[in-house]
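Before any comments, here is the structure.
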């Protein structure tokens, strides 16, 4: 009986958390702050969330592109079609790896930082004191961070894909000697803008939104102690990684699956 | 001043993102800024379209000149009717040209190749190719070869 | 009206996670005076401030601040009311990413459209009042605990509020910092006519500056009055708290089973 009761308690907790997250999101989105105040805040967050994540995204993109180039060459040269390496790299990056790996890196780099920062602001009563000063922290603190994550994610993913394709070209064309014309030609004839590039962008937009939501909510909802902040940070990384991978499957099935 | 630097760097970041998206659009997916008005439609009937699907490539002498718009079944002749979208600047396809389904490489995707005829007249928008050649069915070829026919 | 109560609490009941923190508290806080709310740790003194500030809602009972019933206020009206309140948090709660100057300027920038040179003048005036005009370029991480609280105090009076609430202003301060804070609280009350609510368990400091005090324990007010009246208060619990006796009506031992059982003596079946 105790087990059933505890299962029920867990279920209620989950439902309550989802409800809180939804109300929290509604609070953030409905609170529109004056552009003159909101814009500089957004820029500052875009800088710390987006620009500072650029290095890790570029470096990982380069290496992943180079690995794809090497692996693709080894496999495709068995069939004598190493010229198809361009389309393989481009499709892999634009459709899958670009959005997913960027989201995972972003969750580790920026998501944990967002959660920890907001959690610490909560623990040191900064959010509370803002409320007492008649300033809504959802608007002032949370909203710029949510939007910054939402905007930065597609940008980072696009940069990741481009750097990855360049890395793949570096290995395939410069090193392994695939003819450059067929590298780009094959790529261009098989990658479709609406089907592949735009769907990839839609994925990143969805990931960016879900990920930022999880990160700021975990920070805002955390238990304001050092143990609470550390567990919230862990939860951000775990939940957003799982959410990204799960959503990726769903989105891929909807976009590319032929039913 | 620190705020200003942040703003500039963030602006550059957004520009880099847009540039990356442009690169994906133009260089990677080969999207050319060209509207649908610059194309015209031709039709071709095949006994077997094989792996031709909408958005497939239409080429002439190996150069892409258009794409497959739709593949439908003609209820009277039981043939596949393929609607082709051809670039408007290729408006002088001889009227006796034929549409052939070919495969790029041994295992590559199938595309429609227009093999040029010698007629002085050209196909106009809405015309249908007189002669077509259906997809080479690898499986049937192997069966024929194996049974020695 | 001028000498009347600024804050009125009537039969306030509040419970959190199944524990009843306030069980019918009624209290009047007079306008323009310093009122101290004292009590042992963990009796929800800070919670009382949060109820007054509208950050928490009571289960029942009424809380009226400046003629407005706080629990019934809509979000917008509540935020407007809060512009009349200042609150000094125990940790100071300075924004760690802003300098001292920007911290004090924050409420002005948000709530007013004053030109930059006027904001500068007001901020420097407020910092001068707490004696930290010279520290305006420092970041919060570079301040000592006492200085942090003084900056936070400057920030809470930036908008010239009618009410200021101090949450444990003396906790963890060295004697000099404590003396400075006592002086500041008294001066602010005298010069600006602020209604001040002071939550503390530092008895001598609180009684030395307050006009009026009440003692909270076990969800109820066990004694109230002027400092003089409290010192003469007949209740044993009030006397125990004021004088810091280790044992009395509030027992030294946390409620436990008979000692013999825990040590396995007397044939118990532990």
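First chain written, first letter: the chains are A, B and C, and each begins at residue 1.
Following the convention adopted for this analysis, a contact is a pair of C-beta atoms (placed from the backbone, for glycine too) under 8 Å apart; a residue touches a chain by one contact, two chains touch by 3 or more.
Note that the structure is a prediction, hence the values are computed from the model and not measured.
Taking each chain's centre as the mean of its C-alpha atoms, the one that lies farthest from the centre of subunit C is B.
The central chain here, found by comparing per-chain C-alpha centres with the mean of all protein C-alpha atoms, is A. Separating the CA-averaged centres of subunit A and subunit B is a span of 35 Å.
Computed from the mean C-alpha positions, the centre of subunit B lies at a distance of 75 Å from the centre of subunit C.
Per-chain Cα centroids separate subunit A from subunit C by 42 Å. Multi-chain contact residues of subunit A (touching two or more other chains): none found.
Along subunit C, no residue makes contact with two or more other chains. Across the assembly, subunit B contributes no residue that touches 2 or more other chains. By the touch criterion stated above, subunit A contacts subunit C in their complex at residues 37, 120-121, 124-126, 128-129, 131-136, 140.
Here subunit B touches subunit A in the complex through residues 3, 6-7, 9-10, 13-14, 16-18, 20-21, 23-25, 27-31, 55, 57, 64, 105-109, going by the rule given at the top. Taken together, the subunit A residues at the contact with subunit B in this complex read 40, 43-44, 46-47, 50-51, 54, 79, 81, 84, 90, 94, 151-152, 154-156, 158-159, 161-162, 165, 184, 187-193, 195-197, 200-201.
Every residue of subunit C that touches subunit A in the complex is listed here, in rising order: 53, 55, 75, 79-83, 85-87, 89-91, 93-96, 106-107, 110-111, 152, 155-156, 159.
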